[in-house]
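Okay, so chain A shows up in both of these, paired with chain B first and chain C after.
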Partner chain A sequence: MTAPDTSSIASVSVPDMPLPPARGLVLWRRFRRNRAALLGLILFVVVVLMAALADVVTPGDPLRNAGPPLTAPLVLAANPLGTDQLGRDIMAGIFHGARISLVIGVVATLISIVIGIVIGAVAGYFGGKIDGALMRVTEAFQTIPSFILLLTLVAIFGSSIQNIVIAIGIVSWTAPARMVRAEFMSLRQREFVDAARNLGVSDLSIIFREILPNALPPVIVFASVVMATSILMESALAFLGLGDPNYASWGNMIGQGRAVLRTAWFCSVIPGVAILLTVLSFSLMGEGLNDALNPRQKK
Partner chain B sequence: MTGERKTILDVRDLQIVLPAGGDRAYALSDFSLTVGEGEIVCLVGESGSGKSLAANAVMRLLPEPHVRVSRGTIRLDGQDLLALPEADMRAIRGDRMAMIFQEPMTALNPQKSVGWQIDEVLKLHTRLSKAERKARTLEILGDVHIPDPASTYNAYPHQISGGQRQRVMIAMALVLKPQLIIADEPTTALDVTTQKQILKLIKDLQQAQGTGILFITHDFGVVAEIADRIAVLRLGEMVEQGPASQILLNPQHPYTQKLIAAVPALTPPPAKPVSNEPVVLEAKNLCKTFAARGGFLSGKRDPVMAVKDLSFQLRRGETLGVVGESGSGKTTVSRIVTRLLESDSGEVRIDGRDLLSASRSELRALRKDIQMVFQDPMASLNPRRRVVELIAQGPIVQGVARDAAHARARELLSLVELPPAAAERYPHEFSGGQRQRIGIARALAMEPRVIVADEPVSALDVSVQAQVLKLLADLRDRLHLSLLFVTHDLRVAAQLCDKVIVMSKGEIVEAGPTAAVFATPQHPYTRALLDSIPGRDWEPPVRDVA
Partner chain C sequence: MSLPVPPLLTYTVRRVIQAIPIIILIMIGSFLLIKLAPGDTVDALVGDMGGADPAFVARLRAEYGLDQSVMVQLWRYMLKLAQFDFGWSYVYEQPVITVLMSRIGNTMLLMVSSLALAFTFGVALGAIAARRAYSWTDNMISTLGLVFYAMPSFFLSLLLILIFSVKLGWLPVGGIRTIGAFKTGWADVADVARHLVMPTVALSLIYLAFYMRLMRTSVLEVMDLDFVRTARAKGAGGARLMFHHVMRNALLPVVTLLGLQFSTVLGGSVIVETIFSLPGIGQLAYTSVVKRDLNTLMGIIAISSVIVVIVNVVTDLVYAWLDPRIELK
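Coming up: the complex of A and B.
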């Protein structure tokens, strides 16, 4: 037996709680604990820097002839990563291509996530017939393989960079929509939603201000996957020769390098590695975000 | 009780370590307990006291290696369990000792028939032939008073009621006539009338077979009903242990005294004189039917009548209890009068204004007058909002300026006895009782006339329960609120409510002043309900607890 201690019963007061640290700081601390996520973040920063400094490091049009064709890497000081069959500098292509990849990754993901959230939230919150109708539409999109749909859209509307970004967004909203819907269906049963209704909060406000913040973390994590696949989709389009020919994109470079793969491997491998690392950085960061956004994790 | 019994279970100086970084280093320390043949030992404690871990340690079902026994011995009939290899332990589990779990629905495999699951126990531990096993299974199902053993044998868990599922669990535990049964809150998920039957069954079978039972519970009523000996656990430490009569009637340790004092007495306070205050909330002829949605191929099922022609009145400053078992429709009533659920017919008037036919904008204004405190304090607070935002949200929706609403929210925190620092925190940083206080503050922020409380204390430990109930009663009297209090716990209803309505299958079977209903129940159902309250014959010692 131990000394009588009644504090646990008698007191209800919260022992003077120190103010919680700022939310951003907490998130950063949790994120930082995941080593792989930090690596992802570093890679991501490198890609962003490459995009930002493209005009400084490799000024001029990346598509111009900048040296003798098919120079191997580390041979000429002017073309450290070599040149392709038209004499275009590969390093310039990589730096300028980072811009395209980032724009596509970010914008296409935003489009798909926003469509997905709206459709998923409305379907999950209201349920019934609205849900039925919206889910049939979603299924219609899901039954068509997304890349085929993408090819169709690009074939119809043309392969300008804007069209490609919008088309990628349109073909990849279904998975986020289903995810948001599932989250909403479980969250709308929770009593805090009833509590909000009982205070007179409107449906719209409940959807976007009460439930959505709770449903968002898995979606944000998933967004990193969508970003990675968006970049891959663009590369695949470019590989098939359907990319926007006016921009140096990594996919374009691989697609053109394919012709000389046996003799000049570096024309495709270098942009391939760039894609690999960028996609890897997104998925590693996604994992770190998963940890950071989990409120059950330590601070 | 007969003098010296053979000791079945002997636990000595048990210590269980928790993973580093938890709120304490040991889940249990210096835990010693014996269970004799034919003895029921109740292990009592609040949530987090380590009582379930103690049971799992005996069964060697701890989530090792994070949580493991670091010291001590556990002997079953003289055999050291901690030294046994896992294969031998498997042979002992289910054979010489068995466990009954809290939630019979999740403890039974939903894919297999009841008979199959009992048969499996026999198949694993005996060499009986198929026919013998079936005969034994039917016999044990009969022993636990399952109405029709032959048809239950082929039934799946979801096809039988909760009480019957628990009987099946007990049958499974008893089929091999174990020396020791560990029952972890076996009746917590059941209604009182079912609970009474199950407790009686456990006690009868145990007496017939001479099994030792380690019965884990948080409910002193159940303890009073069943225990031979009682051990009280607090935060992993045994505070008191002794014969049931001694602990129940003359507890020595202050913690035990407080726990027992927190159990609401069953005798309601004397009835107040009939109130002449105006009627604030009136419900007339409410009906609600839930249409059961038939599956694609399964055809249509019968709709369920949740509430049938229900009427009541609630006067200012009064507390009306709505009591009943699960499925009686009491929660449906609470959701209809707050219009979280649409009623099929009938009317609800708040101060004479009709709630059910109110338009969207009228409804928003009316909601101000009727607020709700929810059952689950974890689920009813949005985890992404700070406490001050949670409390101020209602007034802001109603058009109060943000700063004013926040200032008022901070005042309300002190009204519900929370420190001002609580305002900036998130709900998960609080304990269950504190969260329920936040829920109450949120309801009060709207300055309502009526508060509907749906089982507001059923998720809380008894000691916390008592504090929250006291707070509700205080606030009701100070702010002249009316309270519609939905509960399954008759002890709680007895303490708090001026009047009660007793519901069964969607209908009011009895209504009246609490004191009268409890003293002279008219309807057989009310009588059965009152009769089933665990520990009704036990009068907790009244003492002054500071």
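Coming up: the complex of A and C.
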């Protein structure tokens, strides 16, 4: 052990001391330390760029006939990744599919996290009978296999893209809700909550302005998992041919490619790799976020 | 003086009673879904017949109890579900329960083999990774885990078919038995096993990745605990320390996850069974959605919920058996 460094204590009182780095900068430094997380971030940026530039790089409807059917990759300059059995350009499908995957991932995650926060916060904060009732509902949702519930919702309400997003949100809020509830149960006993209550702050305001900001970090980390599973669920639906037929989707491309698997494996392998890398980017970033937000947690 | 009741029995009964409100909520939920769906049974029937006069339609509605109040309908619906009467499947022209029962065996076979594979390899690889934490082996295993985790099961299924059926010709593309072979005894068992290899692998890899990561973290945590140091000080080392002291305790969170994820695995069987045309509950769910067979779909939800509840109770019992600190109260 070295002797405590007294100079740093003394310097606290010096008025022109440099400001401590902003919280965002600290988080970014911790995130950056995890190389795998950086790789995830790069992959994610690539997917976002593909989604943003879809109309520039591959303009026009990705579902139109754009070349001779079943062209192999790297044969025609017009179709660098080849075409499928209907002559649709695979590169256009990949770029436009990135858009659908991201939109579905982000919106469905937002829906499920918001439902999860509201239910988890109310159950954890009030406890007692309210908690009991809400937890029974949560358990009921957890008991039904989520993909079967998703199929049922899509079968009943139709498979437009809006319905699919809402349905994915409805089947994936339970884990965030349990997480928020656990955080609230431990935080509501703390002194700052008692202090706020004694000052006459309303329940609503205590929940959202006092406790929630402290309960959020694990939920943010978990959001990356929800995002990955949402993308997987949408692509699985599209693979089975139950997605929205009006949009290019990676899952649908793989499903269509299944018919020509023997002769043209690239029709399903290329979009498959796209899904794989996108989901991988979310899990890698999730780990980096975890390092950044819970630096003291053991690995 | 009362008879001593074994704590295991009281615990099981208590867990089953706890599950009742959940099952009731699921019944109410599926009733609401049927009510929200456009058209009712009579609409479907009349549509099938190609139209009928209003008086006949009204008589049919009365016969099916659809003219009663919603609460009465809900009550009747729940009574029927409680007797495992899920109605009639208009696609299969059979009671839904008959259709379900003829397929449930295949799904359970797939579930058990996939979870066994995922659990065995996940636990073993996770323990190895933790033993050699931060080494080259650990990095290899962890990277493999990340890839397994990100691999969609339907993509993996297609890759397996491409390699082992199309290119190598080792394994059958689909089905549960070779059609027209009529094998018996062990030849039949071997035939079914051959058909199950690819579906099992396709369904289990993602869970294998989950168990592996959890086991790695869990073993690392347990190895730091005091009792492991005591055991080491007493001279236990190598395999005995690992199997007798560390693994048993490190398994606890993995068992919890196994129970929690059972319903997700059941959902995943929809995709795998559809791709490999295995006649199970999952494939039935898919065809029911395509053919709009709502009764069968609701039957699947009900039966899979019951299975999940049973599995959860069993998991809790296994957990209590593994962890002697838990008292069965």
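In this section, the second predicted complex is superposed on the first by the 276 of 299 C-alpha atoms of A that agree within 3 Å, B and C clash if a C-alpha of one lies under 4 Å from a C-alpha of the other, contacts with A are read in each partner's own complex, and residues count from 1 in each chain.
In this section, a contact is a pair of C-beta atoms (placed from the backbone, for glycine too) under 8 Å apart; a residue touches a chain by one contact, two chains touch by 3 or more.
Please read these numbers as outputs of a predicted model, since none were measured by experiment.
In the superposition on chain A, contact of A:Ala77 is made with neither chain B nor chain C.
In the superposition on chain A, no contact is made by A:Val56 with either chain B or chain C.
Contacts of A:Asn198 after superposition on the shared chain: chain B is touched, whereas chain C is not. In the superposed pair of complexes, A:Ala22 makes contact with neither chain B nor chain C.
In the superposition on chain A, contact is made by A:Ser283 with chain C only, not with chain B.
In the superposed pair of complexes, A:Arg190 makes contact with chain B only, with no contact to chain C. In the superposition on chain A, contact is made by A:Ile254 with chain C only, not with chain B.
Looking at the shared chain after the overlay, A:Asn214 reaches chain B, while chain C stays out of its contact range. Once the two structures are superposed, chain B and chain C can be ranked by residues of chain A touched, with C on top.
Residue overlap on chain A between its contacts with chain B in one complex and with chain C in the other: 298. Chain B makes touch with chain A in their complex at residues 21, 234-235, 237-240, 253-255, 258-259, 262, 335, 338, 340, 363-365, 367-368, 371-372, 374-376, 379-384, 393-394, 397-398, 417-419, 421-422, 424-426, 428-430, 433-434, 437, 439, 442, 446, 463-464, 467, 546.
The touching residues of chain A, when paired with chain C in their complex, are 136-137, 139-140, 142-157, 228, 232, 235-236, 239-240, 242, 251, 254-255, 257-258, 261-262, 265, 268-269, 272, 275-277, 279-280, 283-284, 298.
Within the complex, the chain A residues that touch chain B are 1-2, 4-6, 8-10, 12-14, 16-17, 19-20, 190-192, 194-201, 205, 210, 213-214, 295-296, 298. Every residue of chain C that touches chain A in the complex is listed here, in rising order: 21-22, 25-26, 29, 33, 36-38, 146-147, 149-155, 158-159, 161-162, 166, 220-221, 260, 263-264, 266-268, 270-271, 274-275, 285-286, 288-290, 292, 294, 297-298, 300-301, 304-305, 308-309, 312.
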